[in-house]
Amino acid sequence: MTDLQSQDFIRISASTTTPPAARNHEVEVAKLIDVSRCIGCKACQAACMEWNNLRGDVGTFQGSYTNPADLGPHTWTLMRFTEHENATGDLEWLIRKDGCMHCADPGCLEACPAPGAIVQYANGIVDFVSQNCIGCGYCVKGCPFNIPRISAADSKSYKCTLCSDRVSVGMEPACVKACPTGAILFGSKTDMRSWAGERVEDLKGRGFEKAGLYDPPGVGGTHVMYVLPHADTPSIYAGLPGNPAISVFVDVWKGVLKPLALAGLAVTAVAGFLHWVITGTNEVEENDDRSAADFIKNHEGVAK
Amino acid sequence: MEISRRGFIKITGAGLAASSLGALGFGGAGEAVAALVRPYKLTAAAETRNTCTYCSVACGILIYGLGDRAKNARPGVLHIEGDPDHPVNRGTLCPKGSGLLDVVHSPGRLTQPRYRAPGSAEFKPVSWDFALNRIATLMKEDRDKNFIAKNKDGATVNRWLTTGMLAASASSNETALVTWKVARSLGMVVFDNQARV
Amino acid sequence: MTNTWQDIKNANIVLVMGGNAAEAHPCGFKWVVEAKIENGAKLVVVDPRFTRTAAVADYYAPIRPGTDIAFLSGVIRYLLEKDSIQHEYVRAFTNAGLIVKEGYGFEDGLFSGYNEEKHAYDRSTWDYELDDRGFARVDDAWQDPRCVINLMRKHVDRYTPEMVSRICGTPEAKFLEVCALIASTAAPDKALTSLFALGWTQHSIGAQNIRTMAMVQLLLGNIGVAGGGMNALRGHSNIQGLTDVGLLSNAMPGYMTLPRDFDATFDDYMKARQFKPLRPGQTSYWQNYRKFFVSFQKAMFGDAAQPENNWAYDWLPKLDIPLYDIITAFEMMAHGKMNGYICQGFNPLQAFPDKDKIRTGLSKLEYLVVMDPLDTETANFWQDVGAFNTSKPAEIQTEVFQLPTSCFAEENGSLVNSARWLQWHWKAAPAPGEAKSDIWIMSGLFHRLRALYAKDGGAFPGPLLHLTWSYTDPVDPNPEEIAKEMNGRALADLEDASGRVTKKAGQQLDGFAELRDDGSTMSGCWIFAGSWTEKGNQMARRDAADPRDQGITPGWAWAWPANRRILYNRASADPAGKAWNPAKPIIEWNGSRWTGIDVPDYGPTIAPSEGVGPFIMNDEGLGRLFARGMMAEGPFPEHYEPFESPVENVLHPNVRTNPAARIYPDDKAALGTSADFPYVATTYRLTEHFHYWTKHALINAILQPEQFVEIGEALATEKGIAQGGWVRVASKRGAIVCKAYVTKRIKPMTVDGKPAHVIGVPLHWGFTGQTLKGYPANVLTPSVGDANTQTPEYKAFLVNVEKVSAPVA
Amino acid sequence: MKYPEGTLVRNTRAARVNHWITATCFVLLMVSGLSMFHPMLFWLSGLFGGGQWTRTIHPWIGIVLALSYAGLIVQFWRDNFWNRDDIRWLRSIVEVVVNDEAKVPEVGRFNAGQKFVFWTMALLVPALLATGLVIWQSYFGEATTIETQRAAELVHSWAAATAIMIWIIHVYAAIWVRGSVRAMTRGYVTPGWAWRHHRKWFRDLVTTGSTGPRPRG
C-alpha cells in the first residue's frame, strides 16, 4: 500500500517508536463550529450519514429534537439541543454539534492498547483504524469529551473521521460542505482561529460579552473548535466540558503505571534470577532426612 | 504467481523487518498505516447536475452515479451532494437535501402500476396498458355523461366538473405544460396544485 | 420573491414573520446569516413559537396565531405616528396621494358595499376618483382627507400598541422594540427584507396578511431595492413554475386567467383584462394581454386557432364561480358530485383540511388515479390501518390506480425557484422498475382519449382532437421540445415597423416583446419567452459571476420575466434616476437609458422626467397602499379573528371573522368553540422533513422518527403532561394521539386579559414510510379558506389536549 | 494415584487440580492482560488469535480464575492464619534468603512468605474481578460512569501488576526451594523436606500419625 510511504501520521496508538517526522510542514486543518450561526437543522448529521454510509435504527421521540438520543456507532455527529433561560429570563435555544474534537493530545490515542488502531495525522485528524481495533473501550475512557462508541455488532470503536477520505483528496468534510448557514467552517487551524476572532468580536457587539473561542488547552487544543456566545460557561451547551483534559486516572495508568509496572516485573524477575545465581537453590540436606527419620522413629506408635 | 527477484527481496525484507520488530513489540505499525484512509469513493463516478426536489431554494446538486456512463454499466445513484458552483446554495444542502439519496432509493418507491378493484382489500400489479386504457375509458365515460357545454343561461361554457386533477409541485415546467394542455383540452376546471397547501 | 435569495444579504433588517425560514429553507437562510455577518444586519423573528429561526435571531417577539394584521397595522400606525416613512419614495412611487371615490367607507368592521346574504362585497366604491379623462385624481400635498394616506392613517389609528398587545398577546414593549427596528429602515439607504411563507397565507385572511406587510414595505421604501422586497419563500421545488404555467383552477400560463361565464364573448374577456392606464403615460403592461393570449392559443391549438373563431376562445372552459379550489372539490366529492380524481405527485389525504372529510370524499369516487414515485396515503386511503386510517375496504367502490413515476434524478427538465429562476436539470439514472415519467403518462392518457373520441365521438371533442402535439416522439415527448414550445417561436416572418424581418418563421423568440396578437407568434407561457432562444437553452446557463457581489448573477440560469432578477427595480432609484442607496445600486439612469446589474423592470429608455411609475403592471404605475377592488375583503387590511378563535374580535364584536370568506355549511358545523377546545393550535413543518415525502427516506426518518406535538411548560404542568408523555389532541373534527414535547419555547400569552396557550402540531406523519406511524396534522384542521385564494386556515384553529396512556402497540 | 511409601502428603488431589486451574488461568490472564497493557507486549495477543480474541477471552478467564481462587481459599484458609511463628520467621528473613535455614525458627504448614502470597492474592483477585467487571465493555460499558471506569482501569492495572510480581516471587520460590514443585504436581514431600522447611507441620503430622496434609484430630 502506498500509505507506507505517506509518512503523514505523527502519532499512532500503542507505539513506542518515533513516527516518521520528516514531513513537518503539513497544514493543520480545523473545523470551526460557530454556534451562533447554527440553526440546528441537522444537515451535518444527514450529510455525515450519507457520506459515510451510516444508517442506525429509526428511534423514537424522547422529548427533544436531539435525534438519535446519543452518539453511536452509526451516529458520528449529533446536534444536541438545550433550552436555556439566561440571566435576563430570555430563552436561548442552544444547539451544539457534538462529535470528535480531534484533540492535539488525544486521550483516546493515549489510552488505546492496540497498535495502529488510532492514528493522528500531521494535519491534525485523529482517525480510528477499525482493522486494528480490539474493541476494549479504552478510547472511551481516554476521551475527555465522551465521543467514541463501541458497536455491539462488531466490537469496533467508531467516531467522526473528519472525513479523512475527503480531506485526503483536498476536499472539506461532508458536514462542513452541507452546513446551510456556514456554521461549520473548514480550513487551516490558523485561518479558523483568526476567523473565530472576528466572529467573537461581532458577538460581543451583539451583547454576548462572554463570547469566545473554544480551543481547550487541556488537550493541547483541538481541531474542531467552537465559537461560543457564552464561552465562560461551556457546560450550558449540553455539557461541553469547561476545561477538558485527559483524566488523571488515564494519565497515571498510561503515563506512570505502564512503564513502572513493566519495570517492576522485570526487576522482580531479575532479582529472582540473581538470587539463584548468588545463593542457589534451597535443597534438602542429608541431616534433614536423618533428623526427620529420627523424629519419626522416636514417635512411632505414639499416635496410634 | 511469479515474483521477480527484486520483489522477493522487498517482500522478505519487509517481512523480516516486520517480524523482528514484531518480536520486540513494535508490531502492527506497518499494517496500521497500510490500512489508513478510506479511499475517496467518487474518483471516477459519473457526475450529473440536477436540482433538489424539495423546496424552492432550488439548490444545485451533483448526483454521482455508479459507472462512467459506459453502455454496460447501469447508472444507479451512488451519492448526492451540493453543487459548489450554484450561486444560492454554494454547495450546501439542508437535512432533506443531504438525505436525497435515501428518497431515490426508498423502499417506498413504486416500480409497477397497481390496481385496486372496487371493494378489494389489496392492490394488484397490472400492466401499463391495462391501467391507461381503463383510466381513459373511465374518464371518457364520465366526461361524456357530465360535460357541461352550456350553462343554464345558454352561454357556452364547455367545462367538465366531475373529474378533477391535482398537479405536482415537484414536476418540471415541461410536465406542467403537457398536463395543462391535456387537462384543459378536456375542459377540466377542478384543477389545482400545492400552491396553497 | 421580488428579490433573489442572495440579495437577502444586502438587508439591514431581516423580518421573519409568517414563516420559519431557517427550518423550511435552510439553504436560502444562509443569506440571512450572511446579512448578519457581512452587513451587520439584525434578524427579527415574530412567531407564536420560538423556532430554530428564533434561535439565531437578534430579537424575538411572540404573537398569537392569526393576528398578524393587527400587529402589522400597529406597525403602520407607529411608522406614520413617528413619521418613519421614506417620504420621497412614498410620494413618487405609491398611491398615497391618489384620491378615493366618495362612497368608500369603513364602519364597525365592514367596508362599504357589503352584501350579508352573499358574504361578499360590491367593490365598486373601492376605487379612485377619476377626472374627465378617466385618470385618477391626485393630491401630492396629501391634504385631501380622501387621499389614500389619510384614509389609511384613519384606518390604522385603532391599532395602538395597547390594542396590538391585547389582540396579539405580544408584550407591548416587545412590539415597540420590533417597530423601532422596522422603522430604522425608512432611511433611503437602509432596507428591510420580509421573509414569509405559509405562516401568512394559511389563514382565512392570508392574502391580507401579506398585503399589510407590503404596505409597510412601500412606506419604508423597501420595494425594488437591494436587500428589500416581499419575499414569499415558496415551499416546493416547482410550485412557482406550476403557478407560472397556470396549473390552478382559474389560471392560464403566465398569469392569464380562464374566462368566467360572464365573459361571454372574446371581447368581453379582453375588456376585463387589458387594463388601460389610470394615470397619464403609464405603462400598464397588461395592455398587451391580447398578444399573450393569442400566442398561447396558437401554442395550444395551432392552425385550429384563427381570428374567425376568436382564436378558439370557446375551446377554453369557463368558470361559473371564481375557482374550483380544493375545499370546493372535496365538498363536491363529499356530496357525490365528483366521479374521478387524478393526483399527480400529490397526497391530498395528508395535505388537505379535515382528513376525515377527505377520506369520505375519496370513498365516493368511481375512480382515483395516483401518479407518484412513492407509496402515498392517498393511494391507500381505502386501507384499514387501525386508528391511523379506519376504513372498511369492502364498502369502498372506488377503483384505484397507482402509477409509478420517475423522480427528479431520473428526468430532464426545468424548475422555477422561489426567485423565479428557471433552472435546467439532467437525468442521472433510469427510473426503477417500470416507473415512467409524468410526461409519458399524460401522453399515454391523451393518446388513448383522443383515439377513443376520434373513433366513437363524444362530448365536445374539438379541443382534444386539435390539441397541438407535434413532438418528435409523440408517445414520450422530450422535455427540450416542450421547453421550446413554452418559450415560443415565430409562425411567420416577423417584421419591425420599418419592414425589416426580425425573426424568420420557425425561429425561437428572444422575449415576450416579440409576441403578436395576429397569430404570427406562438408561446406556451409568455413569461418564459426568452428561456430557450435561438442561442439555445438559457435555463442551462452556468455562469455564476456576480458583477457587484450584490447577489445578482445574470448569467446563471434564466429568470422570468426577461431574465430580470429583482422585480420593480426601477424603484431602487429615486425619481431622478439615482440609486436611493448609492452603495448598492441596481439600475440607474445614465442620461439616455437605464443601466446597471439587472435588466430594468421598466422601459429601458423611458427618462425619469416622463414620470412613469415603477410598478408597470399596475394601471396607475404605483404601489398600492389602497388595493382598489383587488381584494375580496377590503382595500385596506383589517384584523379578523380566525374562524376558530379563543376570543372575540375586540375591534368589532359583531364582525368577528372575515366577512368575505366562504365556508360550506358542513364545514361551519364542524367548527369548535373555545368552551370545548380552549387552546390555539398551529401546524407546521420541521426542518428534518419535507411534507410526507421524507418519511420515506431513512436518513430523515432517523433524524425525526416519531410524531409529537409541542406544548408549553405551563400548560403541561396544568394538565399533568410529562415530557415525552402521551397526549390526545382533539379538535371538533378529529383527534390525534402522540407524544408531547414539553418545551420552554412556547409560552402562554396574555390575550385580552386572559392566558392563551398555543399547541404546535408538526405535520409530517402518516401511515406509510420509514418513520413510526402517525396521524396527519390535518385530522385536526378546519375546512375554511382565505377569501381570495381559498388557502385553508391551517395556522390557527382550536383544540383540546389531555394526557392519555400509551396506545397499545 | 498412590503416594510413595514414607512420604507426606503436602497437597491433596483436589487442592492440586484447583491450584493448576488457577495457575493456568493466571498465566493466560497475565499474558493476555500484558498484551493489552503495554504495546511492547501486544504481540502476545497473537497467542490468543489477535487483539479482538484476546479482549474477548480475557474477562471470561478472569471469571474462571476468580471462582477457582475461591476454591483455593476454601481449601487453604485455615492453614494460612497468621501467628507468632510468622513474626519470628520474618525476623530471620535474611537467613531464609541465604538458605541458612538452620537458623530459621520452625514454622507450620505455611511460612509467612507463603501466607503473604495467599492473602495478597485473596485481596487482589476480588479487586481484579470487581474492576474487571466495571471495564468489561461488552456487557457493562453502560453500567457505570466513564470516570468510574477510568478509576477501575487504573486499579485493575495496578492490581494486576502487583499480582504478577507476587506470582513471580511465588514461582521463583517454588523453583528455589527444591521439592516444592513436586509438592504441587505429585502432591507429596519427603520427611526431610518437611523437616527442613515446615518442621512444626512435620511434628504435628508425625505426632498425630497423619501422613498429611493435616494432623489428625
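Each chain gets a letter, A, B, C and D, in the order it is written, and its residues are counted from 1.
Heads up, the rule we're going with is that contacts are C-beta pairs under 8 Å (C-beta built on N, C-alpha and C of every residue); 3 or more make two chains touch, one makes a residue touch a chain.
Quick caveat: nothing in here was measured; it's all calculated off a predicted structure.
Asks: With a step meaning a move to a chain it touches, how many steps does the shortest path from subunit C to subunit D take?
Replies: 2
Asks: Between A-C and B-C, name the chain pair that shares the greater number of C-beta pairs in contact.
Replies: B-C
Asks: Distance from the CA centroid of subunit B to that of subunit D, rounded to the nearest Å?
Replies: Here the centre of subunit D sits 68 Å away from the centre of subunit B.
Asks: Please work out the Cα centroid separation of subunit A and subunit C, and write it as a whole number of Å.
Replies: Result: the chain centres lie 51 Å from each other.
Asks: Taking each chain's centre as the mean position of its Cα atoms, how many Å separate subunit B from subunit C?
Replies: Spacing between the chain centres: roughly 27 Å.
Asks: Roughly how many whole angstrom separate the Cα centroids of subunit A and subunit B?
Replies: Centre-to-centre distance between subunit A and subunit B: 38 Å.
Asks: Where in subunit A do residues touch two or more other chains at once?
Replies: Only 14-16, 41-43, 45-46, 49-50, 114-115, 117, 132, 180, 182 qualify.
Asks: Return the residues of subunit B touching two or more other chains; collapse runs of consecutive numbers into ranges.
Replies: 25-28, 80, 89, 92-99, 101-102
Asks: Residue numbers in subunit D touching 2 or more other chains?
Replies: In subunit D, the residues touching two or more other chains are 38-40, 42.
Asks: For the complex, give me every residue of subunit A touching subunit D.
Replies: Interface residues on the subunit A side: 14-16, 113-115, 117, 132-138, 140-141, 146, 150, 152, 155, 247, 249-250, 252-253, 257-258, 260-262, 264-265, 268-269, 272, 275-276, 279-286, 288-293, 295-296, 299, 302-304.
Asks: Within the complex, which stretch of subunit C touches subunit A?
Replies: Residues 22-23, 26-27, 29-30, 33-34, 37, 50, 52-56, 58, 60, 687-688, 698-708, 723-724, 739, 741-745, 770-772 of subunit C touch subunit A in their complex.
Asks: With touch defined as at the start, can you tell me which subunit D residues reach subunit A in the complex?
Replies: For this pair, the touching residues of subunit D are 35-40, 42, 45, 50-52, 54-56, 97-99, 101, 135, 137-138, 141, 146-147, 149-151, 153-154, 157-158, 161, 164-165, 168-169, 172, 175-179, 190-197, 202-203, 206-210, 216.
Asks: Which residues of subunit A touch subunit C once you look at their complex with the stated criterion?
Replies: Within the complex, subunit A contacts subunit C at residues 36-43, 45-46, 49-50, 55-65, 67-68, 83, 85, 91-93, 95, 180-183, 199, 202, 206.
Asks: Looking at the complex, which residues from subunit B come into contact with subunit A?
Replies: Touching subunit A: residues 25-41, 43, 79-82, 84, 89, 91-99, 101-102 of subunit B.
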